[in-house]
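Handing you a structure now.
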Amino acid sequence: MKTRAKKVMMKMKIKNDLARECLGEIIGTFVLLLFGCSGAAQVKTGRDMKGQFLSANLSFAVGVMSAMYLSMGVSGAHLNPAVSLSFCVLGNLPWRKLLPYSLSQVLGAYLASAVVFFMYYDAIMEYSGGVLTVTGPNETASIFATYPSEGMSLQTNFFDQVVGTATLLLCILPLNDKRNRPAPEALLPPIVAAVVLGIAMSMSSNCGGAINPARDLGPRLFTFTAGWGTEVFTSFSYFFWVPLVAPLVGAVLGSIFYLVFIQWHLPELEIDAKSQTEVMDSTVVKSLEKKDDFKMKVAAL
Amino acid sequence: MKTRAKKVMMKMKIKNDLARECLGEIIGTFVLLLFGCSGAAQVKTGRDMKGQFLSANLSFAVGVMSAMYLSMGVSGAHLNPAVSLSFCVLGNLPWRKLLPYSLSQVLGAYLASAVVFFMYYDAIMEYSGGVLTVTGPNETASIFATYPSEGMSLQTNFFDQVVGTATLLLCILPLNDKRNRPAPEALLPPIVAAVVLGIAMSMSSNCGGAINPARDLGPRLFTFTAGWGTEVFTSFSYFFWVPLVAPLVGAVLGSIFYLVFIQWHLPELEIDAKSQTEVMDSTVVKSLEKKDDFKMKVAAL
Amino acid sequence: MKTRAKKVMMKMKIKNDLARECLGEIIGTFVLLLFGCSGAAQVKTGRDMKGQFLSANLSFAVGVMSAMYLSMGVSGAHLNPAVSLSFCVLGNLPWRKLLPYSLSQVLGAYLASAVVFFMYYDAIMEYSGGVLTVTGPNETASIFATYPSEGMSLQTNFFDQVVGTATLLLCILPLNDKRNRPAPEALLPPIVAAVVLGIAMSMSSNCGGAINPARDLGPRLFTFTAGWGTEVFTSFSYFFWVPLVAPLVGAVLGSIFYLVFIQWHLPELEIDAKSQTEVMDSTVVKSLEKKDDFKMKVAAL
Amino acid sequence: MKTRAKKVMMKMKIKNDLARECLGEIIGTFVLLLFGCSGAAQVKTGRDMKGQFLSANLSFAVGVMSAMYLSMGVSGAHLNPAVSLSFCVLGNLPWRKLLPYSLSQVLGAYLASAVVFFMYYDAIMEYSGGVLTVTGPNETASIFATYPSEGMSLQTNFFDQVVGTATLLLCILPLNDKRNRPAPEALLPPIVAAVVLGIAMSMSSNCGGAINPARDLGPRLFTFTAGWGTEVFTSFSYFFWVPLVAPLVGAVLGSIFYLVFIQWHLPELEIDAKSQTEVMDSTVVKSLEKKDDFKMKVAAL
């Protein structure tokens, strides 16, 4: 790259940490919802001929993976206010960053919905007969935000979202916990994606499995502005607040659950040669080679 | 974290090894069944519109992966009395821990069933017409425990569970065997999950593919207490004992099979520099770099 | 190998870099399309009894993975003129190689179509009733090239392909970016395959999700020569140029998007011991072992 | 383990290399077919209610993965006479081992078929109405061996098997080629499994996608002895020889194709510090850390 271009680039560079992180969350959540909503759009408007329910679940999972690789190095790839809140509670994110992170996530989700809407405009019009509705056999609102199935009580839906998000946190916290048996850091994205896929396949039946206030509010706001009207908030007895509040409760519960029932009881990591040697003993083959490697080095000396 | 909070935490810490391990098994099996049963509930009560048979299989697999990352560092993540029994036979688990491990696994499975029941209460009531039955077109018991298909003989079911669990052990023992070609330790959970997925896709047709006494007994006990009644034990000619006994037999057979036909004949791992060098020779590229690395070190000296 | 054979081999060896790279792109794209088109052929001619839409998506993903392992060491495995163009723009590929790369990719795709045609000749004849058409219920042209669904406007299809290809580049560029959190290099192929799978499941509904001019033009040229006639170009109001042009636009847009919104703001990689130590601090466990390893070495000295 | 038990074990140990390798191939192919045939049995006898075509494909893939982890350390896990033949041609297996390997593979496949037959005996009897046939709507022979679809010509089937097996070899040879960009050795099993999955999803429509003479002959011999009769050989104009011969031709062609078009042109691996440094430069981050590690060592000296 030429020096001039580099200079321009250096000027453009956002040096403010929080601004950079917000940008990361916007783009990460954008990609997550781009895959997620377009996957849902393909399945619905394709009338199950171009993928079925599982394809939509898998699309969301690919969205999680891609969004994490994209913004992990920038903002940690929370992509979810419930995750950000948990990280505040756990002391991994300063509280003052919670609101900016959350708003960024909602914004990213909103923008992705807009892109999906334009991409699937013809198909949505064909499927819905040109009338954008939230209920009925030709409804298309569920491509974007989540809505409950018929006959679900409010408390069931709330409990569903609490359990779903608690499961999410309970399953992702050990993946990066040095005192537990963590997953390879460079493979966290596909593994977290598998967890999200699992939740989508097993806990999305009652009310869509949002487990993420931004994933739900962003698209809902978009559909509100794009022609589905106030029904997106009023339908199903004002259901919309459930995927906003319940995931926050669930995420914190899940995190505390992990701390109290697992993390507190794990052996301490003591950074001294002796304990380290023991850790190495417990890792298969590789550690063996290393120890040997070490011996050889000593021998060589 | 503040010193005070840390002190409280230190007091809460369970120092008794076995108690800690039991807690790990409870929570691990809880997560396994939480994914597994809710996946089955979503497929059944959703009448195949929110995932099909494969989704339920995949949910169980994600449950295995998540449960393993969660409790591998605490208890080894057996999650299955048949696995614990095999590890006792193989000398990897003291016999006195077998009963506590097994009871913990049953308890975790029971608790998960309760959570799934409340999460899917509305959907189960809608699907079953409010009558909780074990047989018939609206049965919902199979969301939790396993039941045979119509027309299967007892010996077929017993043989099925023996083969299924033997396959499980035969396929997971090499994954961690230093004398064989083990999988990367940090990726054992998804690989074991794939094995379980394979068994669910190929050996769950006859009688549900429990291959795990705790996975079956915990939910069965729950359904017994939650309104399905004694039928959960008496139906299909007292089938319930098959997934309790056959997996234990199968797991031990599978382990012995692995020992006798594979492990005994593998080359010994001798921990001396020479043989180690040979091992390194056989690993591609990485070992090459290491050897070279070693040369460079020598050169540097 | 005998010395004589080795000599012959040495003579056969292509020493010209570009020729070797073109060969790599031909064979890589050949394998990509071999999986992709035969997967589509199996689903279509099997009338959904031998796999459904998802299987065809998965076949393409396996094609991506296999093609990448095959030609990454030779040519970088672009497999797509839109990717090659982006790499030119990013400065990773000299502009003079763009045309040879692109033509090689089209040629590989053409050859694969021919193999798939002969492999599925009987089935295509049976399915189509012997009449090779581009539209109608027995059309078989979509096994090879992409065609839009009924009722899609040209601008929707163009936008669809721009977004799809932009998503591809936006999601694969971070995977190999040292300043971000890259994926393990030896596992890039399956991870890129997952991204392509995601796009196929979520953005292939409108007009087939080519996101690759070679993947589309090669098979289209083959069907033109093999009996489908000029309709492959004229149908759907000369749609054929959309998957040629839109992916090029989308890929460059996606790359710029990644640069401007993510890469410019990532921390610089400074190759000095101090910053390196910090990088090592941030990688879990492994780095820990390494540091310790290092300490031990120092201690040994 | 007690000394006595150890002595018994030492006596049992098979010290003859070839005998040990044959045992590895028997058990590996046994596990491959155990998953594969039971997966096919579950899909067929379950009338698509307990998994569909994709599940059967996935079962085979899990079988490949599990079989490879099981016997890679013993025999290299060829599991396929076509692979063994290719390795003879490539000089990786002595020709005198070809027949013992192949017979072991057929034997393993035969034994697995027997286990699957007994496991699915009730279901097969129910599905077939008690009459074991090779053709017709209630045929059950295709659970075990492969048979062509109606209307396929012999040359199409032969070509199909040649292409399928050539694809297999072309895609797996680079995975372990140090001069190319190999996959991580400890993850070869799932990656090879993905390749086999891809072939099953895209090239199994015409005649079942055996791509493995042992996978086909073992089960065919079993069905011959178990009651399906001579029809297993005579049906479809003596089709049975196609999956025996064509995969051998295809595998060798695929291997030569890989050698001529890819491997010959790859840069030589020269084992000296300088080139090694270059190799390390090309691997992302990790190599970076290593180099730095190296620098630190030098500095420490």
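Letters A, B, C and D name the chains as they come in the text, with residue numbers starting at 1 for each one.
Please note the rule applied: a residue touches a chain if its C-beta (ideal position, glycine included) is under 8 Å from a C-beta of that chain, and two chains touch if they have at least 3 such contacts.
Keep in mind that this is a model prediction, so the values were computed, not measured.
Peer 1: Considering only chains that satisfy the touch condition with chain B, which of them also satisfy it with chain C?
Peer 2: Of all the chains present, those in contact with both chain B and chain C are A, D.
Peer 1: Listed by label, which chains are in contact with chain A and with chain C?
Peer 2: Neighbours common to chain A and chain C are absent.
Peer 1: Since chain C and chain D are copies of the same chain sequence, what is the angle of the rotation superposing the Cα atoms of one on the other, rounded to the nearest 5°?
Peer 2: Best-fit rotation on C-alpha atoms: 90 degrees.
Peer 1: Relative to chain A, which chain has the most distant C-alpha mean position?
Peer 2: Farthest by centroid: D.
Peer 1: Same or different: do the copies chain A and chain B touch each other through matching residue numbers, with over half of them shared?
Peer 2: Here the answer is different, because the shared fraction of interface numbers falls below one half.
Peer 1: Per the centroid of Cα atoms for each chain, what is the distance between chain B and chain D, given in Å?
Peer 2: Taking the mean C-alpha position of each chain, the two centres sit 26 Å apart.
Peer 1: Counting in whole Å, what is the centre-to-centre distance of chain A and chain D, each centre being its mean C-alpha position?
Peer 2: Centre-to-centre distance between chain A and chain D: 37 Å.
Peer 1: Find every residue in chain B that makes contact with two or more other chains and list them.
Peer 2: Residues 52, 54, 182, 184, 187, 297, 301 of chain B touch two or more partner chains.
Peer 1: How do the chains pair up in terms of touching? List each pair.
Peer 2: Taking the chains two at a time, the touching pairs are A-B, A-C, B-D, C-D.
Peer 1: Tell me, which parts of chain B touch chain D in their complex?
Peer 2: Residues 52-54, 57, 91, 149, 151-153, 156, 159-160, 163, 167, 170-171, 174-175, 177, 179-184, 187, 191, 194-195, 197-198, 201-206, 258, 260-262, 264-266, 283-286, 288-289, 292-293, 295-297, 299-301 of chain B touch chain D in their complex.
Peer 1: Using the touch definition from the top, list the residues of chain C that touch chain D in their complex.
Peer 2: 1, 9, 12-14, 20, 23-24, 27, 31, 34-36, 38-39, 41-42, 45-46, 49-52, 54-56, 58-59, 61-63, 65-66, 69-74, 115, 118-123, 126, 176, 178, 182, 184-187, 189-190, 271, 273, 276, 279-280, 283, 287, 290, 294, 297-298, 301
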